[in-house]
Amino acid sequence: MIMKKGYFGDFGGQFIPELLMPPLLELEEAMETILPSEEFQTRFINMLKENVGRPSAITYCPNLSKDLGLDLWLKREDLNHSGAHKINNTLGQGLLAKMMGKDVLLAETGAGMHGVATTVAAAMLDMKALIYMGATDIVRQAPNVGRMKLMGAEIVSVESGTKTLKDAINGALRRWLSDQETTHYCFGTAAGPHPFPTLVREFQQIISREARQQFMDRNDGNLPDMVVACVGGGSNAIGMFHHFIPDASVRLVGVEAAGTGEPGCDNSAPLNIGSDGILHGMKTKLLQTDEGQILPSHSVAPGLDYPGVGPEHAHLHATGRADYVTINDSQAINAFKVLSRREGIIPALESSHAVAYAIENKDKLQGKSVFICLSGRGDKDLGILDQIL
Amino acid sequence: MIMKKGYFGDFGGQFIPELLMPPLLELEEAMETILPSEEFQTRFINMLKENVGRPSAITYCPNLSKDLGLDLWLKREDLNHSGAHKINNTLGQGLLAKMMGKDVLLAETGAGMHGVATTVAAAMLDMKALIYMGATDIVRQAPNVGRMKLMGAEIVSVESGTKTLKDAINGALRRWLSDQETTHYCFGTAAGPHPFPTLVREFQQIISREARQQFMDRNDGNLPDMVVACVGGGSNAIGMFHHFIPDASVRLVGVEAAGTGEPGCDNSAPLNIGSDGILHGMKTKLLQTDEGQILPSHSVAPGLDYPGVGPEHAHLHATGRADYVTINDSQAINAFKVLSRREGIIPALESSHAVAYAIENKDKLQGKSVFICLSGRGDKDLGILDQIL
Amino acid sequence: MNSMQIKIEEATKQGKVGLIPFLPAGFPNREQFWKELEELDNAGAAVIEIGMPFSDPVADGPVVEKASLKCLDDGIDLAWIFDGLRKRKGQFKAALLLMGYLNPVYQYGLDTFAADCEEAGVSGLIVADLPYEESGFVKDALAPHGVSLVPLVGLNTSKERMKMYADGASGFCYFVSVLGTTGQRESLPARIKEKLVEAGEVFDIPIALGFGIKHPDQLTQFAGLMDAAVFGSALILHIQSGKSSAEFMEPWK
Amino acid sequence: MNSMQIKIEEATKQGKVGLIPFLPAGFPNREQFWKELEELDNAGAAVIEIGMPFSDPVADGPVVEKASLKCLDDGIDLAWIFDGLRKRKGQFKAALLLMGYLNPVYQYGLDTFAADCEEAGVSGLIVADLPYEESGFVKDALAPHGVSLVPLVGLNTSKERMKMYADGASGFCYFVSVLGTTGQRESLPARIKEKLVEAGEVFDIPIALGFGIKHPDQLTQFAGLMDAAVFGSALILHIQSGKSSAEFMEPWK
């Protein structure tokens, strides 16, 4: 699928300052030498098992399945240590960085989940965590800030631009530029300049490697009719899709955030309503003005609140292999409540977008098996809900 | 070991009003008929796997082991769905109750973890959750109250007595008395009247069944030198001890909460400084006055804040098979911070007591392998820490 | 024959219901308590039931609990109760019954407790958290001192269990009329009747109906099925509202 | 030969450093901006670098970023820049260079952008987020219009990568003197010297030193190793403090 180095069809690339090319090239090299090494693989697989708690379970939802008239299955990334899929990636990158001789893990974070997961990886690997976070997000994600500080992270408040995730990425890229010798930039999603989209997918594909097998084991060897995941930057979705891509019978659905839902509202749905552009090192679909200025995004789910998307999704969208749909804030909040009440599982607001897809489209999905990636747990979102409800 | 029905040596029994005997006898009967049935066992094992995410991992702590000069291993009950060992018990009791034809799960809760776990079980099994919680605990454990409400629990604020866990138990017992026909009292720890200590141990013994095998698999068939768990009511500890009890070489250590730590301070260490007495349906060790009035307990860890202890621990204490020690609030808080920082694992304040034991006794434990039950995660405790620090 | 039974049967013989008022020891305060007892005695109580305060009264309703915890705060303990009773020994026409939870009695020492009962003129004990299965050692301690352990049964007690309690029981049988804790509740007369008939078949000692009884009218429907009535919450509320025990007893006479 | 190179070499011939002041388009406001350009031109700038505002200027330091975002808020866009330059075509002695990020240029359309540069008298373009690997299509679009894509290299650019950039480069080479973003930083003269020597060996176009330059004294140690100096943050701060561009240029003449 990769046509030009670092490209997925028309999307991807390495649109970053020359001064960041050396660390990116160093990383590409580590991907070719260290990543496939037995030492790395052994340690990584052991960490996934011992520290993350993998394999994560798959769960059949008896009550909601009955309510909706379909078979609802969840891949439980929320059960991972630190509460989301993010840790698959941070442990992978952390270990790689450690073996590259770096001692600092630098990361951006929006919802705080990637910041927490990076901090966990740093603590575990006896490294330092340096987390860039928008000033606005620091306020709305206070519990995750508390967790990061407790685990020893240094948190840098980003005061520029919209003071959210995209500005945190800008800040972190700048910092990486200065500190590249000692520091690995542990990018949080399957986006950004090559090799990050490939590297992050490599660490997240474990989701579908497990999920596909687990589903077949529980369903007499049959595959699900549909696989659904929310799409922020796209890491949990690409992880959940990857091993299903060759299964032509399996419909892949990525769910973007429609924001409040009125026409013209701020949203986080670049695949649905954005256009081609270049941001954060990649050519992809973006929310932007005609002049190429990046638009502020919005979603009630902070982890989806990003105006871009990973280039592989832009490609899967262009080729039609995956469908990308939208779910708005109130549909997601409804799903958050429904899954909590009916199955005793509090999903992250991000993951609630994927669950909402099944709820909102139940009429079309009668009798189908729908397999959703529950990318994270919703404990972090209770404060947001309190404010809304 | 059981000498008289429901006794562990001198401890245990069924000291409850006659009007509660019928539901207790009904439960005893269900333990003999339903519990061993293939249907129950199959469904329960499947729930532990699919819904809880069992087996829970064991984790070696490389940094802390080095810092302390010993081999530190953790059994990761914090990775269970809903964040603690409590769910092993609530799913077991919930399923049993469902198969007994009950539709309400009634529970007391202190820290809120058992309340959350009961609510999860009720939601999953399409039952109603009715949670009794002391008015004081409702305030100090607000996030867990939010989780329970979200998942549809009815919460009853208990305004009597010390307005904490022991009063919530009183309240729940009263409610059970009224509603025994439709309602199962899902007791939260391996204490209370027979058959609860045995029933809860039956559901929690999975901890050591897994842990013992996992440890041997990772240590060339060797057993740990020491197994450590915090003791509130005693359910995680008895679960963690159970399959190690026949291993004479393994020292079992239960850690009680010493409270603030000055002589005469309120504490939660009935095995260490309490005396024989009768409360909540059992004969056990209690914190009490010479007149037999129950003393208020204290621990920074709300889940340990209880003036009694499960009768099997009183027996293991009397026979000397297990040692029971104390850790005070500030030692526990230190362990909370140390494990967070050095290993990227935020332990529950309850579990921090067990971790603190290894830290405080490192000199005596040089070179030993110490296997700690990490009974729950500490996200719930960040608010408490904020207030203290 | 235990004096509680004697007193209740005296009432029965007069075609009356035996009256068993309950007050927590030290209620409404240390001095007034003894005056209330006197008044209740004079008003014709067959048995006076005195509550021993306990920090965790799991079988009590909110009215009794609140009143007892107040007494506990005031420092009431078993020593105070026995002391007061010893001083007034022989002054009560009614039989005296102590009611409470096991732990305070257990800490006091069962043998001492039984001896002190005898010495203070107490003829019976109710332990709310002591079902048949655990009661052996308590009965054994009380027996040498002629103190009866009063059995408590209720709507959900099977006939077989009633028989267990009936075996060797003395004094009277306390029949709890609601499934729930003390305090005034709606009752289910049909079911109560049915179970009272059963209790009558099983027990050869008087049967007292308790929990939620406020007025004699409530009992007419159970005429012939019961011998005595226990009232606690209603009496406490009555006294709390500033009225006298004597006045409360009036309609019962 | 690209006019930027010509202008810098004119300065070199006079034994001077070529001066390349940078200002974000529309700074400090729409009207004043053109006056500042005029002043800089009169004060002897070899090349004037004009920043094209972008919402996410990842390679800028805080001073430049803040100034540019302000201009963006004021509605400055490429159309406004080209419009203003077209109106003033031929009025500047200095060569004109646009600096920015790829996305706004990409949305404008590369071919249109290149044609408009030519028409407006712009001879070069710096794209901060366009490394060698991705630059082909941009160079292809610029070439027919005689617009140079100015290569940006720095302390961590290997000699091999410098060679890639040098191949076919015109105008000048922008050498970034710190590993970090624009703004005034401590520099490491030894390492800079070393890398400047390397750049001198590789590039046959002039070399301009940029990032964090404030005063000519900073450059004496690099004499002979560089041909021009870019100053941005220092100039912006100077203007923000109410002083004139001419005054800033004074010590450099």
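Going by the order they are written in, the chains are A, B, C and D; count residues from 1 in each one.
In this text, a residue touches a chain if its C-beta (ideal position, glycine included) is under 8 Å from a C-beta of that chain, and two chains touch if they have at least 3 such contacts.
These numbers were taken from a predicted model, which means no experiment stands behind them.
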Contact-linked chain groups that survive once chain B is dropped from view: A, D | C
item: Centroid-based (C-alpha) most distant chain relative to chain C; value: D
item: Interchain centroid distance [CA atoms averaged], chain A/chain C, Å; value: 67
item: For chain B paired with chain C, centre-to-centre distance based on mean C-alpha positions, whole Å; value: 37
item: Arrangement of touching chains [line / ring / star / complete / other]; value: line
item: Every chain pair in contact, whichever chains are involved; value: A-B, A-D, B-C
item: Residue ranges of chain D touching chain A (in the complex, touch as defined); value: 53-59, 62, 65-66, 69, 72, 77-78, 101-108, 128-134, 151-158, 161, 165, 176, 179-181
item: Complex contact set, residues of chain B against chain C; value: 5, 13-22, 160-161, 166-167, 169-170, 173-174, 177-178, 180, 277-281, 286, 288, 290-294
item: Interface residues, chain B side, partner chain A - complex; value: 49-53, 56-60, 62-63, 76, 78-82, 119-124, 126, 143, 146-147, 150-152, 337, 340-346, 379, 382, 385-386
